Amino acid sequence: MFSETIVIQAIVNGIVIGSLYLLMAIGFTVVFGLMRIVNFSHAEFYMLGAFICFVGIAYFRLPFILVVLATFLIALAFGSLVELSILKRMRGDELSGMIATIGIGMILQSVALIIFGPDPLAVPSIAKGIIRIGGAVLPKARIYAGVFSIGVLVTMYFFFHHTRHGRALRAVVQDREAAQIQGINVSVYYPIGFGLGVGLASLAGALMAPIFSVYPTVGFGPMVKSFIVVIVGGLGSIPGAAIAAMILGISESLSGTFLKSSYAEMFLFLFVIGLLVLRPQGLLGEKS
Amino acid sequence: MNFKKTIVALSLLGLGSLAYAADETLDVGVIATISGAGAGWGQAIQHGVELAAKEVNEAGGLEVDGKKYKINVITYDDKYQAGEAVTAVNRLVHQDKVKFIIGPVGSAAAVAIKPVTEKNEVIMSTMAFSEKILNENSPFTFRANVTTVEFAQPQIDWIVKKYGIKKIGSFFPNDETGLQVSKDVEKAYGNAGVELVGKEFYERDRVDFVPMLTRLMGLDVDAIELNINAPSSAGLIVKQARDLGFEGLFIRTGGPSTQEIVNVAGEDASEGILVHTLIDPDLATTQAYMQKHKENYTQAMNGFSPSFYDTARMIFEAIKQANTVDDTKAVVAKLENIKDFDGAAGKISWTGQDTYGINHQISTPFYVAEVVDGQEVIRARCTVETGCQDG
Amino acid sequence: MLEIVNISKNFGGLAALSDISLSVAKGETVGIIGPNGAGKTTAFNIVTGTLPPSAGKVFFNKKDITGLKPSRIVKLGLARTFQNASLYPDCSVHENIFRGTLWKLKRNMFLNLMPPAGEYSSRLDSAHQLVADIMETLELESYRDVLANELPYGIQKKVGVAIGLATSPEILLMDEPAAGLNSKESREFGRLINRIKAHYGLTVLLVEHHIALVREISSKIIVISQGKVIATGTPEQVLNDARVIESYLGGGGWHAEG
Amino acid sequence: MKKNMVIPAALVLVALVYYVSAGNVFYAHMLIMAAINTVLVSGLSLVARTGRLSFGHSAFAAISAYVCAILTTQYGVSWVLAALCGLAATTVVAYLLGSVIVKLRGVYFVLVTFAFAEFTRLALLEFPETTGGASGLAEIPPLGIGGFVIEGVDRWLVFSVLFCIVLTLLMSRFFKTTSGKEYLSVNDNPDLAESSGISVSSVQLASFVIGGAITGFGGILMSSYIEFVSPESFNLHLSITLVTMLVIGGVNSSWGPLIGALFLTPLPEILRGAQEYQHLFYGIVLVLILMIRPQGLVSIFSGLSSSVGALKKEKKSA
């Protein structure tokens, strides 16, 4: 008796969640493509974005768009600073870089715990009420966030394909050595790239803060999911990540609606392990 | 906006009262969830016990066997994880040599540490809802608050009669407590002639409830049962359900934490929720306790706090009557026989002989209240024996 | 001893090697030369097992070793050296060379916790003797305890060869041994190769870009260009062959200095 | 042995004296936990010394701990037999997973082990009838070999400290033998090792399986000592703590796990009042160690990064 409105509702919700994972995944891909490291502090930058949004709206009563923009810029600057001060020394050694991001993650999380305490805090809702599309009920706040994140994705696409720095950064992400040969000064792009990568994660955190509550470990779930999106989509391939993010978002929403949700998550990991083993380069990643 | 004071300040407060004249100290252990999901209930235990201790110390200490004891509360955070609770109870029993422990919050933690407290004859008074806690071969274990086994049936009968509910959906955390409570709640609604349709179990740290809510609304339930979900999860469920346009009734049979739910869901979304509560604001003794709580702590007082204040005072009373701080067998004998103790939450005695085979389940009055503009308004007064009447 | 039969290799459309066949007899010193990108290194990697061929077979002492892992091929007696003389950076020269003998010192890891005994200890002694002999032959005793990353480049190349020798091969494949050496050093390197060939009764196969070294020590030269063998023969025959000169002049720089 | 024996041995003695002299039951508890952590980290260290970083070792500790706990609590099997079955289960799982992922490049190996650990934790949550689900398994009988039962703090203290010291000595001895040198060669320069007759994949598989078994036994020790086990005790936090202890302790030497565990285990208890300061300290020390001695402490990983690097070389030269 599940009418198609339920299915539509689940799919739309899946797309909104998928866009969140995609923002995180692109951020992760930029950092991985540039520095060949798995950024374990990605979750904490998502949390950073969520808390900046919380302070911006709950404290200073700023309009949502302004807060989201401010979050991105703060995170971009902070990310670049972190790269220059800490990760710069480890550019050659990917493993130390990876473990350093674990340390950075721990520091950010404990600072947040000390300042904001462990309990969830609610961000005043940015949009009340619902939108009805042919019987399907879609919470306005989520659509708002979904539309906004898709807007960001489009700007990112424009930045990567039609601006000088964007194309250079994309070249570096795709193949660091080839970019160097073409005379792109890679070392300039390290801080910007890391800043942009974690900036996108903070952006996702800020967009989703009004929908979910905000607490120091809020970023862990989305980080794990963005890892899966990047693996399934193929490390370093942004179009692959886009497809994988939507598949994951929708399947998670559908399985949450129709299946016992915790099974879905367990099988998801099994699927990822299987995929990694059979097709390490992922769906669209090139066989390097 | 009240940022939480850091935990360090709180535990220092507990040690702060060193300067009193009493010559001996009696250590009392508290294992509670101070951080993570369920932190509100953990602080209810910690604050209730600390206030009871402060009261005794200000009166010159607990007089036992000719000596005056100053009560020192040692608190450990179990982060709602059984493993952490076990480490904490090992430290309390072996290092701090404590004979009385109050807490923990979660059933998983309580089940895990009970073997240690029973083996070392340490009295434990927990909040955990699991039925595995109380039985005849756990003489040193008590429960300091009523559970769904006690209050579910009377409350649900009253609500079903008053609001005429036909179909109800429900959410449960996927752990020991959730499993246990889902059985009690389903039985109670069955007896009241209501069909419990969607039974949703979810992982503790889940934040997106829209998919599950979509399914429940597809079964067009006219009410959603929140029972003992952690306050943050319950708040999210209410908020996201209202976002999806759900106009039905929310019922929370269990775990008083209205303030936290309102914080997360917002005042208008949580308008009209029917909650179980242990506090009647008009009761003089409860008002006195709420005032004392406001003087000492910035956080909002949680509904469980009075029962743990009373539990601590009953234990101190039993120690005085048994005239010993070490012979816990004697203290248990005295504690079991306390009747009509006038606590902050009203008249208190023990029950549980028929359901658990041991009379270690506290029986305090409880109420059904409706959330109006973010505040609880009493709608019915109930006790285990007499059921609920319009109040 | 070593035969390559109809080997082809393409990388997504680009035919790096097409239908190459060549053979190396016991005791020979064969040099494979060709302009940059002719496919020399691809052939080298196929023979040493680092890269599987798209088609064709590789035989060693009549045994088909196509597609075997390098570690399996070495045990059959076919060792290789690296172009950039890759070593164990933080270990001494002696340790570097000794690690070449490890595959012959296999012993159950738990049993190995016990001090060496019986047959294993004799294998251990002969390994140590081999290492001492190699260091003497290549005049490396004075560098015995120097860490590999502190060695001058020329010496690093020698240690690279020493490690190859330590695996007691029958044939030694050398990937651009003269790379990074000036003409005096490369002549010295040529004499070194002849000395170790004689001392250990080795067969040598060089893949080289510099004609000078190859012309001096090779008994046979094979020229590869655009993935095909265009000439085989003694140094004199090959180096005066019109097609070879044209492909080199046309295809890449002619390094006939010295 | 790069670092000679004197310094690590001295450090360990100083720590031992500090713990035991305090003579207090609680410090003995911390020393036992430090010893058990040493065993857990040693398993990880064995894998790290062939150039691989695994985030899945918490899963191996979980598998052997749960198999042992289930067999003892629900089937009344003797502790020794149950422990052996636990170890066997972990070894089989480590072999199956290892043989499949050993050929994966550096970063994918890390991601697969990460996904495997999460999968194991969720699987333990999903089947409450056997694993007790989120509430875990309580009342696990104590460690008993034949009649002799290891219970109570003092017996545990002697057994665990002795075990971890012996394990560390064996590991340090192992890396002086020819088999140990194969591990070091694979890590220092995998291409050269492969071309000298050392099969990189079988060495890395062996270290993954044996490392998994050692960490698995550590899991059994932990569950037998705490007499309780739940999925949360083996979550990602444990994996990260083990990696942190390994790196700060010093990945280069067989004494790394012991030193890392001894100095980092007491932290959560000392800062019991304010948990978040512990993580702050962990994070800062970890970052500083990596910044000040990126090569020193982590050079053992050059094998890993060069295996990723090697791939690029191969691509270029073809």
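Here the chain labels run A, B, C and D in written order, and each chain numbers its own residues starting at 1.
Just so we're on the same page, a residue touches a chain if its C-beta (ideal position, glycine included) is under 8 Å from a C-beta of that chain, and two chains touch if they have at least 3 such contacts.
Just so it is clear, the model here is predicted, and its values are computed rather than measured.
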{"item": "Chains touching both chain A and chain D", "value": "B"}
{"item": "Geometric centre: closest chain by C-alpha means", "value": "D"}
{"item": "Comparison of B-D and C-D (more C-beta pairs in contact)", "value": "C-D"}
{"item": "Greatest separation from chain B - chain, by CA centre", "value": "C"}
{"item": "Chain B-chain D separation of Cα centroids, rounded to whole Å", "value": "39"}
{"item": "Chain centre separation (chain A, chain C; CA means) in Å", "value": "48"}
{"item": "Where chain B and chain C are represented by their mean Cα positions, the distance between them in whole Å", "value": "76"}
{"item": "Residues of chain A engaged with two or more neighbouring chains", "value": "113-114, 220, 262, 265"}
{"item": "Numbers and ranges of chain D residues touching at least 2 other chains", "value": "125, 275, 302"}
{"item": "Two or more partner chains touched - positions in chain C", "value": "none"}
{"item": "Pairs of chains, among all present, that meet the touch criterion", "value": "A-B, A-D, B-D, C-D"}
{"item": "Of all residues in chain A, those that touch chain B in their complex", "value": "1-3, 6, 9-10, 13, 17, 58-59, 113-122, 124-125, 130, 137, 139-142, 211-213, 215, 217-218, 220-221, 252-258, 260-262, 265"}
{"item": "Interfacial residue positions of chain C with respect to chain D in the complex", "value": "11, 16, 41-42, 45, 48, 50-51, 69-72, 74-75, 79-80, 82, 86-91, 98-100, 102-105, 107-109, 112-113, 124, 163-164, 166-167"}
{"item": "Contact set on chain D toward chain A in their complex", "value": "53, 100-101, 104-108, 110-112, 114-116, 118-119, 122-123, 125-126, 236, 240, 243-244, 247, 275-280, 282-287, 290-291, 294-295, 298, 301-302, 304-305, 308, 311-312, 315-316"}
{"item": "Chain D contact footprint on chain B (complex, rising order)", "value": "6-8, 11, 35, 76-77, 79, 81-83, 86-87, 90-91, 94-95, 107-108, 111-112, 114-115, 174-176, 179, 203-204"}
{"item": "Touch list for chain D against partner chain B, complex", "value": "24-26, 29, 125, 128, 133-136, 138-139, 153, 226-230, 232-233, 269, 272-275"}
